[in-house]
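Common to both upcoming complexes is chain A, partnered first by chain B, then by chain C.
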Partner chain A sequence: MEGEGERERKRGGRVCCVCNEARASVKRPKTLQHMCRECFFHAFESEIHHLILNNSLFSPGERVAIGASGGKDSTVLAYVLSKLNRLHNYGLHLFLLSVDEGITGYRDDSLQTVHRNHLQYQLPLQVVSYKDLYGWTMDQIVDVIGFKNNCTFCGVFRRQALDRGAALLKVDKLVTGHNADDIAETVLLNLLRGDVARLSRCTSITTGEDGIYSPNAYRGFAREFIKDLERIRPRAILDIIKSGENFRISTTTKMPEQGTCQRCGYISSQKWCKACVLLDGLNRGLPKLGIGRSRGSVGSENGNGSKVEKSIQGKQCGTLDF
Partner chain B sequence: MQLTLEFGGGLELLCDSKKIHDVNIELQNGEDKLTMKDLLSWVRTNLIKERPEMFMKGDTVRPGVLVLVNDCDWELSGQLDTSLEEKDVVVFISTLHGG
Partner chain C sequence: MACNGSGCQSGSCYKDEDATCNQPIKSEETDSTNPTNVCIKCKLNDAVSGYGGIDDGRFCADCFKTNLFGKFRFAVTSNAMITPTDKVLVAFSGGPSSRVALQFVHDMQERAQRNFDASRDRSLPVFGVGVVFIDEGAVLSIPSSEMEEAVEVVREVVSSLVPPRKELHVVPIETVYPSDSGDGKERLIKVMNTVSDPTGREDMLICLRMLALQKVASECGYNRIVLGSCISRIACHVISATVKGQGYSLPADIQYVDARWEVPVVLPLRDCFAQEINMLCHLDGLKTVKLSTGPCSSINGLVSSFVSLLQEENPSRESTIVRTAGKLTPFQFNRIPEIIDGNVPLATRRRQKRYNLKSNESVSSESFCPLCNSPLNKSEIVDWSNMDSHQNSDNFYNTCCSSCQFQILPSDSTSMEQFYMDLPQSMVGRAKQASNGDLSLLREQIQDFLLSDGEDEK
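Right after this comes the complex of A and B.
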């Protein structure tokens, strides 16, 4: 834009503390350094490169799927990984893996973004549909069980979808992008877990788009808290993640043993995984079979609707993986 | 004062789903400058059509909303005290939704 440089000089914008030349564009929360765009990118990318090397995340020749949702986290991941793969000759066969739930209109925008990622970073794109993975599109499920109860299906199916897609495409590794805010939030919610389960039962969670497509609707409270903390102390988010890592390492509790589903082979502590239970119900024309099983009776068709719905959602919300 | 305001990351939904707004802001009685504080209250009154709490908290933006003044994080220019000039570009991006 014309005159921009002049305007910045006039305003006396701060200079990048790394190169001492360019105008700083960000104050990096992690270090509070004032950095220009190029120096920030360089620092960010080389940190990820070292993280990959130090943790031996990949071996040459591997097929690696990048979980692509069209959101900012997976877009950044696709950009960085394709760049590092080229720059440092990791020798990885990268591609974008995207899941189409089969909800009319719902994925249009995000699939468009994924398509843009595919062109921009020259990564092959594979879209797997719920139809491929489960034999049912989300729209078909909604047709059977109604609009209000599909939260359980959404959560269970979505959580497994990328893993199943990766298995379908026979990849060696699946990578997914997450931002520090989300991880810090999950750490906090995990710490609060016992209370949160009770909270979700007694607090009414509004239905509607938010309740259905982002089952962790009450996450918003933790998010707000984290962003408030960040304002006081920008490193707070990374510190929470750090404490979460330490917590995990120092735990002496025996983890429940992970088995596999006898039907599909997906990790499961039960005989059948949650998705297979739900699918079995759907296929037998008893779609409510898997819902609320561990919570006792669900109630009849429409009786006591709002309460059932609430408990289903509450249950969904107590599941804290992301 | 002519400014270009851009809303992203879902904030555009609060102002008629329009991302870019070219606006002309009348300066208050004899003032010759406009600060971000002034701009925020102008935006809240004139552009935000619904759920203002998604955009603001107190007299500033809600935590998690990124503010760029001419491509530069407003943390570096003094946040609410940043003074704006003719033809400046101010971008608001919510980082709260959609990973």
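Right after this comes the complex of A and C.
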């Protein structure tokens, strides 16, 4: 749960302020301390260890999937978790879980990285593809829907893909490499768009859901704003999370009810979750269904859709037990 | 969480299209609802535009003014901000927001005067109004000639707002030190120079300003302070407080009423946008002054440019931010205390009671940061039984909120000691009160009879 912006500054003469021996190679944004490599690694890992213990995130014997994208966050997570698991005898069965959207050429590089992690840290690797989860690859979806609007599918499907993949592999817990910057950004975005319900739970360390797909311009602004903030005051990112943790939402506030999708059991505020609506449309040859502002169309289409439903039931959502 | 979009490689995806198409569609919509550009309210005069918000371009000048005054009056009456027996002090900086606040308070007072003159029994007296201008020349790098000009404009404005006559207090910021000591200004400058963080300096000045306002109000017998904080300003505060890690105390600052001070502070322009306020100043030719300030590299400056960028993208963004933050539980002191003084006429008391709506829930807080007076979270409250330091400055450091500790207080103990010596007495006093341990001892003694927080909030 660290800012990843550790920039190595090669200034001669600085000595690590922890061990007072080795030459410092990092100015840690969280504390502004100059640290050497070894001390930084040690501090970083032990903080994660304490965080895991204090929040009792795991219990022995659990099957834990590490969401692995091949990026730096998830790579660090895989490394630290496998090391801590060995070092402190958590007794966890760890493995890497990757999602392949099925876009030709897109995941090749990152999947290779994940594959390297798999060999390096000796963690079993499971790749689940959109084809496995939904019966469609992104390429196939693009063939049907064209280049417009395909982001909606990719975004909605990806949000659930890790969860569905985890369920497919009978996993007890799923860990993701969201870092402090991501969470700070989420706190800000929820403030900006007025999402009180998410504001109250977005900083909690365990969650039942993934983030929300947000195509608005302000996400870009928020990212840039956080980068600017970090330049002025590195601590600001952790302060935002602290603020988020200390928000007490008034109990009289109306919260949207969080239900479950009637088809696949995934968390949904509507009758069907977005992925099921989109899938239904795809499978019925009406791929535009669920895109745009046609709210409430799900319920009304339910009746005449039941015939088609049967044929697809056995394939995607129906087989997943949540 | 931050997973959107990266899977899309095609340039013509939904996201881009949406952003580019938004603008023309919106203007078409306004055109179709209002083809001839006539005010949608009175349907007589031409609408004016340029005041931002969702209503931009819908009202004529007169309806716009009535609407804006309506927001002010609704805020005042529905929170019992001003009752007939009150004596109200308007903090006037010369800027547009406080200028409009002053104007509206004056309009309201004028009406009350007319009603009073016309009524037979004269049971509801007219509230009194005073104006205060804080001269911050000691800490801002502003040429003294500019400050003199500003004061001149302020005098002119206040003297034009008659009848009823309003008293003007022009006070230097160093008034927070006792006037008989004579070294107030030097001590103030020393304190301010100790603060190295640019954001910390700005926030320290805000604390001192409030201290000065409180002092003027209590010495001259005012029982309300009116600030001109508008929704844009409050939205900025929401974001910057979040960024500074003040999520716990944030709700205290953004309500209509803030009665944690000796003299309660009210924000009647909490629902008005800065653009609307500027428009009103423009339409009515209200005179304002803007003091030249240097380039701003603080977090507050960064936040306000971020918020105005968002506001450009969506004209109701500021109000969304404030409404979202409004869902946070306020504190017990975020309402006007009820009048229990039997000498106050019954009619006044009845009127106050009618409008002073009880909020459904609130958080009680008994510890405050001695520097910024923000309520402290349980984790920030120091357990005095474990303290072994006998140094006053150390104790002071420990009673402050973590945000002040980081951005205002010096980190090494020698400069901390000096800083502590130069602080105004009232801040030092607040810390002493907390560290006496009376409260915690008292609390311990009556522990069995206190309701737990959970029960309290129900």
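By our rule, the second predicted complex is superposed on the first by the 247 of 322 C-alpha atoms of A that agree within 3 Å, B and C clash if a C-alpha of one lies under 4 Å from a C-alpha of the other, contacts with A are read in each partner's own complex, and residues count from 1 in each chain.
FYI, a contact is a pair of C-beta atoms (placed from the backbone, for glycine too) under 8 Å apart; a residue touches a chain by one contact, two chains touch by 3 or more.
Please read these numbers as outputs of a predicted model, since none were measured by experiment.
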With the two complexes superposed on chain A, say which partner A:34 touches: chain B (first), chain C (second), both, or neither. first
Of chain B and chain C, the chain that contacts the larger number of chain A residues: C
Once the structures are superposed on A, label A:233 by its partner contacts, choosing first (chain B), second (chain C), both or neither. second
Considering only the touch criterion stated at the top, classify A:244 as touching first (chain B), second (chain C), both, or neither. second
Just to be sure I read the superposition right, which of the two partners does A:186 touch: chain B = first, chain C = second, or both, or neither? second
Contacts for A:26 in the overlay, against chain B (first) and chain C (second): which applies, first, second, both or neither? first
Is A:178 touching the first partner chain B, the second partner chain C, both, or neither of them? both
Thinking of the overlay built on chain A, is A:72 touched by chain B (first), by chain C (second), by both, or by neither? first
Residue by residue on chain A, keep only those touching chain B in one complex and chain C in the other, then list them. 178, 182, 228
Partner chain A, residues of chain C touching it in the complex: 1-5, 7-10, 12-15, 17-19, 197, 199, 238-239, 241-248, 250-251, 297-299, 302, 306, 309-310, 313-314, 317, 320-321, 323-325, 327-330, 360-361, 363, 377, 403, 406, 457
Which residues of chain A touch chain C once you look at their complex with the stated criterion? 101, 103, 106, 138, 147-152, 154-155, 158-159, 178, 182-183, 185-188, 190-196, 199, 202, 210-211, 213-215, 217-219, 221, 225, 228-229, 232-233, 235-236, 238-240, 242-253, 291
Write out the stretch or stretches of chain A touching chain B in their complex. 1, 4, 7-8, 11, 13-14, 23-27, 34, 37, 69, 71-74, 177-179, 181-182, 223-224, 227-228, 230-231
Report the residues of chain B in contact with chain A in the complex, numbered from low to high. 9, 62-64, 68, 70-73, 75-77, 85, 88-89, 95-96, 98-99
